[in-house]
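Encoded as structure tokens, the structure appears first; notes follow it.
Chains here go by letter, A, B, C and D, matching the order in which they are written, and residues are numbered from 1 within each.
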Amino acid sequence: MKLEDKIKKDAIIRMFHVNRKYGSVYALKDINIEIKKNEFVFITGPSGAGKSTLLKLCYLEEKLTEGQIIIDGINISRILPKKIPFLRRKIGIIFQDYKLILTKTVFENISLVLEVSGHKISYIKKKVRSILRTVGMEEKINSYPLGLSGGEQQRVAVARAVVGNPEIIFADEPTGSLDKITAKKIMELLKSFHNRGTTVIIATHDNFLINNSYGRVISLKNGKIIKN
Amino acid sequence: MILLINRAITDILNNKFLYIVSIFTITISIFIVSMFTLFFVNTNKIMDSWEKGIKIMAYLKSDKNIEENRKKILNLYGVKEIKFISKKNALNLLKKQMKRQSSLFTNIESNPLPDAFEIKMINFAKNHKKIDVLASQIESLPFIDDVEYGEKWIVKYINIFNLFKFTGYGICVVFFITSIFIVVNTIKLIFYSRKEELKIMRLVGATDNFIKNPFYISGVFQGFIGGILGILILFIIYLMVLTNVDKEFILDFINVRFLSFYEYIILILCSIFSGWFGCYIALKKI
Amino acid sequence: MKLEDKIKKDAIIRMFHVNRKYGSVYALKDINIEIKKNEFVFITGPSGAGKSTLLKLCYLEEKLTEGQIIIDGINISRILPKKIPFLRRKIGIIFQDYKLILTKTVFENISLVLEVSGHKISYIKKKVRSILRTVGMEEKINSYPLGLSGGEQQRVAVARAVVGNPEIIFADEPTGSLDKITAKKIMELLKSFHNRGTTVIIATHDNFLINNSYGRVISLKNGKIIKN
Amino acid sequence: MILLINRAITDILNNKFLYIVSIFTITISIFIVSMFTLFFVNTNKIMDSWEKGIKIMAYLKSDKNIEENRKKILNLYGVKEIKFISKKNALNLLKKQMKRQSSLFTNIESNPLPDAFEIKMINFAKNHKKIDVLASQIESLPFIDDVEYGEKWIVKYINIFNLFKFTGYGICVVFFITSIFIVVNTIKLIFYSRKEELKIMRLVGATDNFIKNPFYISGVFQGFIGGILGILILFIIYLMVLTNVDKEFILDFINVRFLSFYEYIILILCSIFSGWFGCYIALKKI
């Protein structure tokens, strides 16, 4: 039984001695994490601790300096470039800075995820509408991102992340711009995905979110794990 | 496929300004290239008509075997056409040419002019060295007394033709390349201002083809529209010039013509190509 | 005594029946607010309530649909375009989306504010350094914004807003991306400006900030004032 | 001032790609314009040498008051130079011109040719209608027997000159305008991709001048660099062509020359202007 097969069985994400350097400074240092399928994980730590960097490595926005990351049985430093899109389709990402396409409407931004994986137009329309209802943004379906408030943009970003029913959700500060009530709704949404079998990984500095929730907490500080 | 074209269209609508700039650039480029083509097509006709005038006069010894001799010359490489001019015709021609001075000839009884062949050459041979060679070949024939071919005059004109032709072709090629460069640049700039968008598309799982295909479609579209507009503008200017300029002024000399259907197609294909190629270059590094 | 003179005496910001419509929807409806010199004001409310819009009207990023806003004795709907920059120099703004210039380093981003009002290079260098130290970002002085974490970007945005010693600070969600400890430091900074006489207006949905602080609270909901 | 230039420089360094594209575009435009100028300058010389050949021959009645008559013609508008050709000179010239056929003249005793004036015109009058007018004016003088001026031939050539000249000037102007358009477009596109940055500068209290001045400086700088590069490229190509092409081929006919210092300066000023103007247009709406 090969190493990768063994990991596949119990862990969906596994990091071995992961380092990420920017210039001569370590943003992440010797990170070893194993996340099981259908886990609900918080990554926490002060500003600049390396939370976002950790997530970026997983969805391949940044490259590893050293170490190995295995996601769903695939070693991502050895993945063929043309396979990357297919890996990403299994992943839903809420970016800290939302990363909405400013020239596209809310509908177009979200439907993009479904178009990419080749869904039918009729399905896309229905699905986008229903997910926007869930995040309370159905009225803004034809707005452009710059015509939305900060919290509204964040909710669109959440909707886009979950619309494709991903196997893993990476959420980077998913409620930073939201008031308590809306934030709770978004957390409920993430939990409902968790209940359906999705692995959810949330990077946040908001202790309130963590305390009022369930799940494992990994604490980072200066790029190192201080609590797991 | 429908979805793809759909995406290309919304893409164009969402980025109107960028597409307008790019179409505008292609329009200008095609306008310049086609203006030059037009200029060149028309001046080329003038040059052709000059070239037709280049000929070698071969003066014959008093040998009456004209048909046989003509064949001998025709066998030489580069000769296209031979016209026999008898001494009598030559004198008449001379009289006609010199209207005023023709009074000189009224008292002449015997005609001192020789018989001659007027020799036209194939295009390929219309080069000053090749004419030299051909002329000396003809001169060395036993039945030829002397050869005359405008010498300096002809060399001068051939050189003008060639100077015009080569710089003309050169400028055309340079234009085409530079206009492609400019289109490529414009499209690159457009990509630059949209690179964030493309990065986001990657991050939500779009494949290369998914991202690139609409760009190619809109690139071809931009090229097509730009090409049509460019030719249209040229045509409008052409009409304006033609109606305002004194018509005899140009028309009694040459028939200034617009582009042929064939040339249209070529230009529009070039334009489409440059749109496509601009995308290709701009997308290569993304 | 003219109306405007009277207002100048006691109020630095005064809004009369302010409306702001987007399309047919009111983002703000009949807002009447008076803010005195050296007040410390929170504007709060759920996502999409109109907090950011209210601030944008004050610093002229958005235009009024109806009503009057008078800032420091100037009616901003009647201000000459060439005087706008001079009004803005009296104002420090922390934008909800930071609005850092991505092609400039942290130093350049902050020094811009001082260059604009014609300070000397030597003063600029000293001042920028000292303000970065205050927000804990002195190490990143030559980084570009895209090389910063979300919280770090926010701290740069804060530093830029206060570096010019403005008379009024508008802070739109100034601690949304910051962990509790850093957030507290930023709030302390804003309070220290308040103590020196600056008027501070903070838009936030974070009750924690408000509860642990002093100052007046204005609550918005659906574009209307529900508590003042 | 130092701060301003400083800002312009960091601006260029921070946006290398955009500035490279823009300089590249200006380079290409200036290259095209200066290539055309070069082509035009050189062909213009050919045309000038042709034009010099345009003249009116006025044949005199046997009136011996040559000096007086010459003055009368000189007073006519459009006349530049008059050369008297006596009947004797005319015959000699004719013999020389007709080498081969000169045997015709050997037996002539009396010279039937008339005395003549060869009349050259000022440039302004070198237009086929004006020549017609001048010729008939001359013909109506009492001491003139007849006038000859190449008629069709001359009209043809004048028309060629004019066709070339006008299309030449036209193309030059169109080029200049289009290259300015393209530069404006490129700079507009650059602004478009930086409009967020400009908005932020506004929001932190920058005045219009504070924002715009560095752009003007860098616009002028781009124009300057682009102009120099464009001319440099042309010069390199010019040298390459000159060393590779058969030298006699061109040189025995005209002296192909590169641009004069004066023309350099004009081109570089145009280039700087287009950089500045591009900024001006792009900044107007911001």
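Assume contacts are C-beta pairs under 8 Å (C-beta built on N, C-alpha and C of every residue); 3 or more make two chains touch, one makes a residue touch a chain.
The structure displayed is predicted, hence computed values, not measured ones.
K.L.:
Spelling it out: a chain qualifies if it touches chain A and also touches chain B; which chains qualify?
P.N.:
none
K.L.:
If you check the contacts of chain B and chain C, which chains show up for both?
P.N.:
Common contact partners of chain B and chain C, which must touch each of the two, are A, D.
K.L.:
Work out the mean Cα position per chain and let me know which chain is farthest from chain D.
P.N.:
The chain lying farthest from chain D is A.
K.L.:
Chain C to chain D: how many Å between their CA centres?
P.N.:
Each chain reduced to its C-alpha mean, chain C and chain D end up 61 Å apart.
K.L.:
Counting only Cα atoms for the centres, state how far chain B is from chain D in Å.
P.N.:
Averaging C-alpha atoms per chain gives centres 21 Å apart.
K.L.:
Roughly how far is chain A from chain D, going centre to centre by Cα mean, in whole Å?
P.N.:
66
K.L.:
Go ahead and note the Å separation of the Cα centroids belonging to chain A and chain C.
P.N.:
Spacing between the chain centres: roughly 31 Å.
K.L.:
Could you list the positions in chain A whose residues touch two or more of the other chains?
P.N.:
In chain A, no residue touches two or more other chains.
K.L.:
Note the residues in chain D that touch 2 or more other chains, in rising order.
P.N.:
none
K.L.:
Examine which chains touch each other and state the graph shape they make (line, ring, star, complete, other).
P.N.:
Chain contacts: single closed ring, each chain with exactly two partners.
K.L.:
All pairs of touching chains, please: list them by chain label.
P.N.:
A-B, A-C, B-D, C-D
K.L.:
For chain C, which residues are in contact with chain A within the complex?
P.N.:
22, 45-48, 51-53, 96-97, 147, 149-152, 154-155, 172-173, 176-182, 205, 207-208
K.L.:
Which bits of chain B are touching chain A when the two form their complex?
P.N.:
Interface residues on the chain B side: 3, 7, 10, 14-15, 194, 196-197, 200-208, 210.
K.L.:
Can you name the residues of chain D that touch chain B in the complex?
P.N.:
17-18, 21, 24-25, 28, 31-32, 35-36, 39, 42-43, 46, 59, 94, 100-101, 103-105, 107-108, 112-113, 128, 146, 148, 155-156, 159-160, 162-164, 167, 171, 174-175, 178, 181-182, 185-186, 188-190, 192-193, 241, 249-250, 252-254
K.L.:
Along chain C, where are the residues that touch chain D in the complex?
P.N.:
Where chain C meets chain D, its residues are 59, 61, 82, 84-86, 88-89, 91, 93, 95, 99-104, 108, 112-113, 115-117, 121, 160, 164.
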